[in-house]
Amino acid sequence: MKHYSSIYNLNNLQKTVKEAIELKGKPLEYEALGKGKTICLLFFNNSLRTRLSTQKAAQNLGMQTIVMNFGSEGWQLEFEDGAVMNEHKSEHIKEAAKVISQYCDIVAIRAFALLNNKEKDEAEIVLNNFKKYASVPVVNMESAIGHPLQALADAITIEENKIINKPKVVLSWAPHPKALPHAVANSFVEMMQLQDVDFVITHPEGYELNPEITKNSMIEYNQEKAFENADFIYVKNWSSYKEYGQVLKTDSEWMITANKMKLTNNAKFMHCLPVRRNVVVTDEVIDSKNSIVIEQANNRTYSAQIILKKILENL
Amino acid sequence: MKHYSSIYNLNNLQKTVKEAIELKGKPLEYEALGKGKTICLLFFNNSLRTRLSTQKAAQNLGMQTIVMNFGSEGWQLEFEDGAVMNEHKSEHIKEAAKVISQYCDIVAIRAFALLNNKEKDEAEIVLNNFKKYASVPVVNMESAIGHPLQALADAITIEENKIINKPKVVLSWAPHPKALPHAVANSFVEMMQLQDVDFVITHPEGYELNPEITKNSMIEYNQEKAFENADFIYVKNWSSYKEYGQVLKTDSEWMITANKMKLTNNAKFMHCLPVRRNVVVTDEVIDSKNSIVIEQANNRTYSAQIILKKILENL
Amino acid sequence: MKHYSSIYNLNNLQKTVKEAIELKGKPLEYEALGKGKTICLLFFNNSLRTRLSTQKAAQNLGMQTIVMNFGSEGWQLEFEDGAVMNEHKSEHIKEAAKVISQYCDIVAIRAFALLNNKEKDEAEIVLNNFKKYASVPVVNMESAIGHPLQALADAITIEENKIINKPKVVLSWAPHPKALPHAVANSFVEMMQLQDVDFVITHPEGYELNPEITKNSMIEYNQEKAFENADFIYVKNWSSYKEYGQVLKTDSEWMITANKMKLTNNAKFMHCLPVRRNVVVTDEVIDSKNSIVIEQANNRTYSAQIILKKILENL
């Protein structure tokens, strides 16, 4: 594996999940592997879990970490080829990516969707230009359309918590006051399509994800019906894809409640966090013993660590 | 010791002061102790000394450090139980504290008083919620009402500089143009009450600190009288506690001057820094040979290091 | 060497360049040298290359690194002697410099020219006050009037790329929409004056650099004539020195183009970056095989590393 920009960069997903679970039991086992190696974490957007867990993962592997908030600490980047740079952007991605990758052995990048231009977001301008120009492996710490470190942590969490071989996993949309990107939902859908699970997506009409991504998955517009017999309820808000970046619905009808959870097969509750309590999910559900959101967040460390380990082994 | 949220978490203060002074002579002696361990420093407010000295202390102990400016790099936190989170706060402290503490072995927090609501400040919402929900030890890097790492550094500095067994220590208020919290003064009072010193607090009327904290200490409203025979003059501004967060007085009458220092027993001048020259204290006093503010700041490293050492030994 | 504030702190420049090139071949050779030592990188201004390459250099030498954005994370500093600090500045440089240098073994500082007061900029208030009050070596990561780490990286790059013993090196001004400091150009001029090169400066009239710095160098106002037979074209914008901080000219007449490069002796193209494409230089030139800007940026690591190595050896 060179880059980790999508879950499709992993050639043996089941094996990777197992390896991550092993790593969790002996996190410092490979601390010689990253000795003398440096990872740069570049943040174009805010981060809590990704910022801390990826640093922790790198340190567990003996790597040096350099963290940079690109917007506030560096220069504004130009991404257009041939641009006449006479306005507020001081540096072109071509130079930035080539230069940064000379100072580290792996570069990890967070750059969210802007949600105002579908074509530009889908072009993954920041991530893809880093992949194009960097001379070192690039890791996606959530890009415009994918969050594969999160999806791998999710797969680890399901593997650890499933009690039947082929659990029913439901991805449910839930309300949120602000327009959120599709990255987490996209990568989770892609991940579930490759797992041995019974997978259902449920959301209000108008909230269809990119049909190219969901085309092999079942969509059920009736949330309560979707929840029946579910073993895992994975909740996430996203803005409309069709009416790109719009918030069409904010009432609490789709909020996850204890009554809805009763329709399931004693399902575990999952969310990538941060989560807005009593908007996305009631306190009762997230504070219940079936909520595994904290463990899911903990697995972010081992998701990042197994990826960095594979990249380091391949350097 | 699990948490270090107040000086009362230390069960043998005199011994701790001595141990810190020993550590100062051999700061790298225990660098194996923190190997493979990580501390997260979370800043909800600005910091210079605390930011640098706590990192240095952790590194002296062989720990990895992860620093995060919570406000600008993470998500805005909700602290109310049962809140419907449909406005600008993206994450509840319950998740944040539980999640962060999975990525580190110790978490240290700076969160100042807001000075607009006494009850809320005294509830120590940030610190106490971290203590409540985190699964790892929590260190107070200045909270709404206390700054115990500073108070320990102060005790170390007095121990190193005293020339009689029971010195007279005066905590004097001094003017400042902005409303400042009570945290440093509170912890210093608590610390002095446990030391073998002759302790006096002096301030203008209306600037009484929380009477619950000062009830066993002598208050002298006449600054010049308080200074007589003092061995240490510890200076700090704070806003009014009664008229909570108000600045009642900004004239230079209470500024520390060379003439006032002449009333003392050749006293050492102390201040936690940052200090506003020629407002809180004249250049002449802070630049004099009796000023030990730089050494006092240096002791912040060993104050933090002895605390982290005790926590690490107890993990 | 104690401080590295200007290239004149190096007593054997040719030897230092050779040592840096050797270090580049074995960057981890001296990682025991910095063990248990800490460098604080203090940024009063934004940075990309300097931020990352100096951290990388320090880590290659086994040092701990602490990075701080002074403006946003610390307190605003007062620099005037005798100031009555009753406005927005919370801390005096005297305390800040003395205190910070107690927490580290080397302190590195970036503080740009403000370009609104020539005398103040030339007084190098931030850098010189750190040198005056700090108790540890101070490294200049670009000050108001110099950028000696850049100049050393430039000398390394020329040494590696020259194909004749005494190459012709041209420093050419180029247009830019914003007022930029003179620091990079100043240090490059000083460096070239000490190298065995045929050195020419070219710029429009009115853009003369400080004549004290350029007095021993040739100035040619005709850019095309200057380019004739050049082996290296080093490009940089700066604002007017005479009409201090003013932008007198923004048209593209002085932009570096392929046609101008044809006048040279197949010259290498150099720029310290960030560079505005198609304003300072055309895509065609910077993307050509003769452009060595990426390699030049890479040498920032070894420029910083040889300086830190010399300072560490002298501690």
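Letters are used for the chains, namely A, B and C, taken in the order the chains are written, and counting of residues starts over at 1 for each.
Quick note on the criterion: a residue touches a chain if its C-beta (ideal position, glycine included) is under 8 Å from a C-beta of that chain, and two chains touch if they have at least 3 such contacts.
Values in this document were obtained by computation on a predicted structure and should not be read as measured data.
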Touch graph components, with chain B removed from consideration: one piece
Numbering shared by both copies at the chain C-chain B contact, with half separating same from different: different
Rotational angle, Cα trace of chain A fitted to chain C, multiple of 5°: 120
Approximate Å spacing (C-alpha centroids) for the pair chain B, chain C: 39
Touching two or more other chains - residues of chain C: 72
Chain B contact footprint on chain C (complex, rising order): 36, 38, 40, 64, 66, 68, 72-75, 78, 81-87, 89-92, 94-96, 98-100, 102-104
Partner chain B, residues of chain A touching it in the complex: 28, 31, 43, 46-49, 51-53, 55-56, 59, 69, 72, 177, 250, 273-279, 283, 287, 293-294, 297-298, 301
